[in-house]
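Provided herewith is a single structure, encoded as structure tokens, for subsequent inquiry.
Labels run A, B, C, D, E, F, G, H, I and J following the written order; every chain starts at residue 1.
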Amino acid sequence: MAEPNRNTIEVFENPYPGRDYEIETICPEFTSVCPKTGHPDYGTITITYVPLEHCFELKSLKLYLQEYRNHGAFYERVTNTILDDLVAVTKPKWMTIKSEFTPRGGIRTNVKVEYRAK
Amino acid sequence: MAEPNRNTIEVFENPYPGRDYEIETICPEFTSVCPKTGHPDYGTITITYVPLEHCFELKSLKLYLQEYRNHGAFYERVTNTILDDLVAVTKPKWMTIKSEFTPRGGIRTNVKVEYRAK
Amino acid sequence: MAEPNRNTIEVFENPYPGRDYEIETICPEFTSVCPKTGHPDYGTITITYVPLEHCFELKSLKLYLQEYRNHGAFYERVTNTILDDLVAVTKPKWMTIKSEFTPRGGIRTNVKVEYRAK
Amino acid sequence: MAEPNRNTIEVFENPYPGRDYEIETICPEFTSVCPKTGHPDYGTITITYVPLEHCFELKSLKLYLQEYRNHGAFYERVTNTILDDLVAVTKPKWMTIKSEFTPRGGIRTNVKVEYRAK
Amino acid sequence: MAEPNRNTIEVFENPYPGRDYEIETICPEFTSVCPKTGHPDYGTITITYVPLEHCFELKSLKLYLQEYRNHGAFYERVTNTILDDLVAVTKPKWMTIKSEFTPRGGIRTNVKVEYRAK
Amino acid sequence: MAEPNRNTIEVFENPYPGRDYEIETICPEFTSVCPKTGHPDYGTITITYVPLEHCFELKSLKLYLQEYRNHGAFYERVTNTILDDLVAVTKPKWMTIKSEFTPRGGIRTNVKVEYRAK
Amino acid sequence: MAEPNRNTIEVFENPYPGRDYEIETICPEFTSVCPKTGHPDYGTITITYVPLEHCFELKSLKLYLQEYRNHGAFYERVTNTILDDLVAVTKPKWMTIKSEFTPRGGIRTNVKVEYRAK
Amino acid sequence: MAEPNRNTIEVFENPYPGRDYEIETICPEFTSVCPKTGHPDYGTITITYVPLEHCFELKSLKLYLQEYRNHGAFYERVTNTILDDLVAVTKPKWMTIKSEFTPRGGIRTNVKVEYRAK
Amino acid sequence: MAEPNRNTIEVFENPYPGRDYEIETICPEFTSVCPKTGHPDYGTITITYVPLEHCFELKSLKLYLQEYRNHGAFYERVTNTILDDLVAVTKPKWMTIKSEFTPRGGIRTNVKVEYRAK
Amino acid sequence: MAEPNRNTIEVFENPYPGRDYEIETICPEFTSVCPKTGHPDYGTITITYVPLEHCFELKSLKLYLQEYRNHGAFYERVTNTILDDLVAVTKPKWMTIKSEFTPRGGIRTNVKVEYRAK
């Protein structure tokens, strides 16, 4: 299986470019691999954004997130990388990524990152 | 069955025109058709507004939303079109449409659009 | 049974007139009659206010709301009328009425009205 | 769109024919049309069975249930017909259909039907 | 408004008379009047039955239950009377009525009655 | 305030003496006093029974349960005593008492007692 | 049992006097007596504050709240009195009391009071 | 801190020895130590029994369960040992222990043991 | 990553071989691959058993279930295979496997398989 | 077992030092000892922060929180000390600690502390 690659994400033209509106996409089936222990991690990725010229296409987003399945990375890096990739591809007005991971050793971690166009 | 048509929506005179108040209408039985796959989509449409001169009538709203039953459109377009149609017909002070669709391929999407009279 | 009448509502003197505080009263057993179909409607009425000189008495509020039992009125009018009656009788600093009705034809409606003393 | 037709349902060979086991399939996106009012009905169909020689294939089940989308039938008939069709096609050891419909006029109805091979 | 009358309930022919199946109908908008205090009572009536020759029609059931709106009766009597009326009209194989009333004086009461054809 | 006394409980004639049916009464506002620490205990008392000749009257039940407010007794004794008193007064066909107390020292206790007429 | 008395509440020195922090204490086992009917009322008292020099001690708070057990007072007065007593004893930077009472006659009431040091 | 010792558990005489009744005690604050990793485990212990001559006293049960705080044992052994100890001390007619542990490595485990006097 | 192999599962001696007791292990992080579409499936696997001579070790169970991560198999086969493997390795008195998969195309499926030693 | 010591907490370099983002870590298995009664307390500790140069490592955080297992301290002190230790070690831009303790004597307490770099 391929490594995470932002080229997997396809976009389509924003059908209402003149109006600010918010799209929230919730992906509760995210999984990656802990680079330290080699064991899988599981979480929910929530993407919220106000599009400018482009929206991301949902099927390609699913394929992009599946590329993390056998990829090793810590929670903080995964969340920031997904933001970087989605911002690069869709160039939104505003975007946040929230990731919520299942407990390990009795401890749960969530990470929240935000991008705002200048 | 007819295509979605804003003429289906009937209005009545706002019974308290001098006072700002908020009406929230929740429609959990919305269904349309995905234009790409031809499979039905399901969702909840929530309309919130502050009326000026007119309120929409609930039975006609139900008929209007039923016109999407065999109509093909993506989530973003459906939500923006419902806002356009309800704003054109009721000319409110403020209105938002929130649509929350059931999961496809393990991914759920919500869209939120707002109109504010100048 | 009598028609809704604001004289049914009794008040008592605010026991802490010098301090702003908020009273929230929730009435989940409200019922009135749809003037169009003649069928009963059901809902929850939530009253929130900051009293000035008077508070409404709960038993008399119950009797007042029971007067809607066989009274025909649409959601928007019911909610605004309850606000008008309670404001006239208690003359509060601030008051909101929120009504949440049970679904009809797969659609639920909530109405929120606010009064603020000048 | 076609009328409900049991030929739409495809089967595959039971992978563990020598052992009794139970398969439960839950379809919360069922919709048909009320033959009296012409308005759509919405519900959840739950199918539970112990297969003998064949299991039904999930994609074809989805297509079969979609054929009810513009089909007019009462709750009791819909539920019994789905049982008849699935029993005819899969010839299971035991099967139940439970349908749970959303409220109409403040009233909800569920129907439960069972088949047991002799 | 009329007093409760079993003649209000209409029936239709059981569409699957040769097969035992269960119909559950849930009515969360029931209201009657306490004969002692004159205040309204509120509750949920759940009817479950296996039909023989006839099923009750839902719209007429709604009208029948609305006849209790201004009728005075205690919980135990209401529940037994509804069973008597529905058994007399539909002659089912088996029927139960469960009524669940909202709290009065911090106390809630449920009543469950069963009929079984000999 | 008086001590718990079964004479406080009033009964009325079972309105359907020829048919077995079940009455469940739930009292979430029960409070008594721990005889060891003197601190109050809180719990929910659920009474379920099939009446023979008499039913207990709800207002008098409320007064009877209020008599435990300043009465000292352990959970096991309270539950058994309420059963003894209600059986003595109503002479039912069958009765259970379930008491569920709020946590003390991180531990919660429930007690369930049953009576069955011979 | 004694009447409510603010001298029952003991305090201890704020262990972090130089830093603003918030303490929230939730007491779901509050009970007092309605002065009109003599019947007990039940509720949850939530105290939130930013301490200055002193914090209240939890065991003594429990004893103080138990003093309301046989004390007659309306909801509005009870809530304001608890605020007055706790402010007098702990002299906080900021404090709110929220009381939420169980339903009476199908109606629930909450009261929210706030104190802010000048 | 002492090791788990059944002598810590005190009993009192069953106040209703002639009648079968069920006592359920729920302890959500149980913690012990994993003998393999040395890390703490957390769980809820639920004890249900029908007493014969003796009931266990709740405060002493709490102390007994606290003795597991720094004690190393696997889930299966802990659950069986608590049953052995409580049976030895109270000699009940019937007893079950259910333990439900919090997740480790994404996996949760519950153990259920039963004793029945001959 | 290796294919699913029952040799991955390690066992330890049942610490209470003379007594029947039940162990329930819940694994909400199961994932495999759909052999038809190549897309991942997600589900919860619940294993319940009464051990005879051996119990399975939890860490090795986790590793065994992780071997399904890139393995292609339908729901029915996965569930039956896990039962076969766990029965072969632990030789229990009784065991059930329940698998509950997340929705695909708006449809969810659960499978329940049971083994009972002769 | 050692006393709480901030040297137990290890850090790693913030992988995205140029961007503000929020990390929330939830620890529902916290336990310490009440210095007054000697009995254990249980709670959930939630840490939220915006890192500058360093993030805390999760395994070492777990070990640090385990050091409170046999440590005696009141709620207010525990919460402030955890903030002091984590701020000293990670030097974040902003951090809050929220602790929520289980009920004692029918009363629950939460404490919320915040740090903001100058």
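Structure notes:
The rule is simple: a residue touches a chain if its C-beta (ideal position, glycine included) is under 8 Å from a C-beta of that chain, and two chains touch if they have at least 3 such contacts.
Computed from a predicted structure; not experimentally measured.
Across H-J and D-I, the chain pair carrying more C-beta contacts is D-I.
Taking each chain's centre as the mean of its CA atoms, G is the chain most distant from chain D.
Two copies of one sequence, chain G and chain J, touch each other mainly through non-matching residues, since under half of the numbers at the interface are common to both. Residue-number overlap of contact pairs with C-G passes half for only one option from F-J, F-H or H-J: F-H. When chain centres are set by their Cα atoms, the one at the greatest distance from chain J is E.
Centroids built from CA atoms put chain B at 28 Å from chain A.
We define each chain's centre as the mean of its Cα atoms; on that basis chain E and chain I are separated by 46 Å. Work out the mean CA point of chain G and of chain I, and you get 52 Å between them. Each chain gets one centre point, the mean of its Cα atoms, and the points for chain C and chain I are 56 Å apart. Contacts with at least two other chains are made by residues 28-29, 39, 42, 62, 102, 104-106 of chain H.
Contact between chains, as defined at the top, is found for A-B, A-H, A-I, A-J, B-C, B-D, B-I, C-D, C-E, C-G, D-E, D-I, E-F, E-G, F-G, F-H, F-J, G-J, H-I, H-J. Residues of chain E that touch chain D in their complex: 14-16, 19-29, 55, 58-59, 61-62.
Here chain G touches chain C in the complex through residues 74-77, 79-80, 104-114, going by the rule given at the top. Contacts from chain G toward chain F in the complex involve residues 1, 28-29, 31, 39-40, 42, 62, 66, 69-70, 102.
If you check the complex, the residues on chain B that touch chain I are 39, 42, 102-106.
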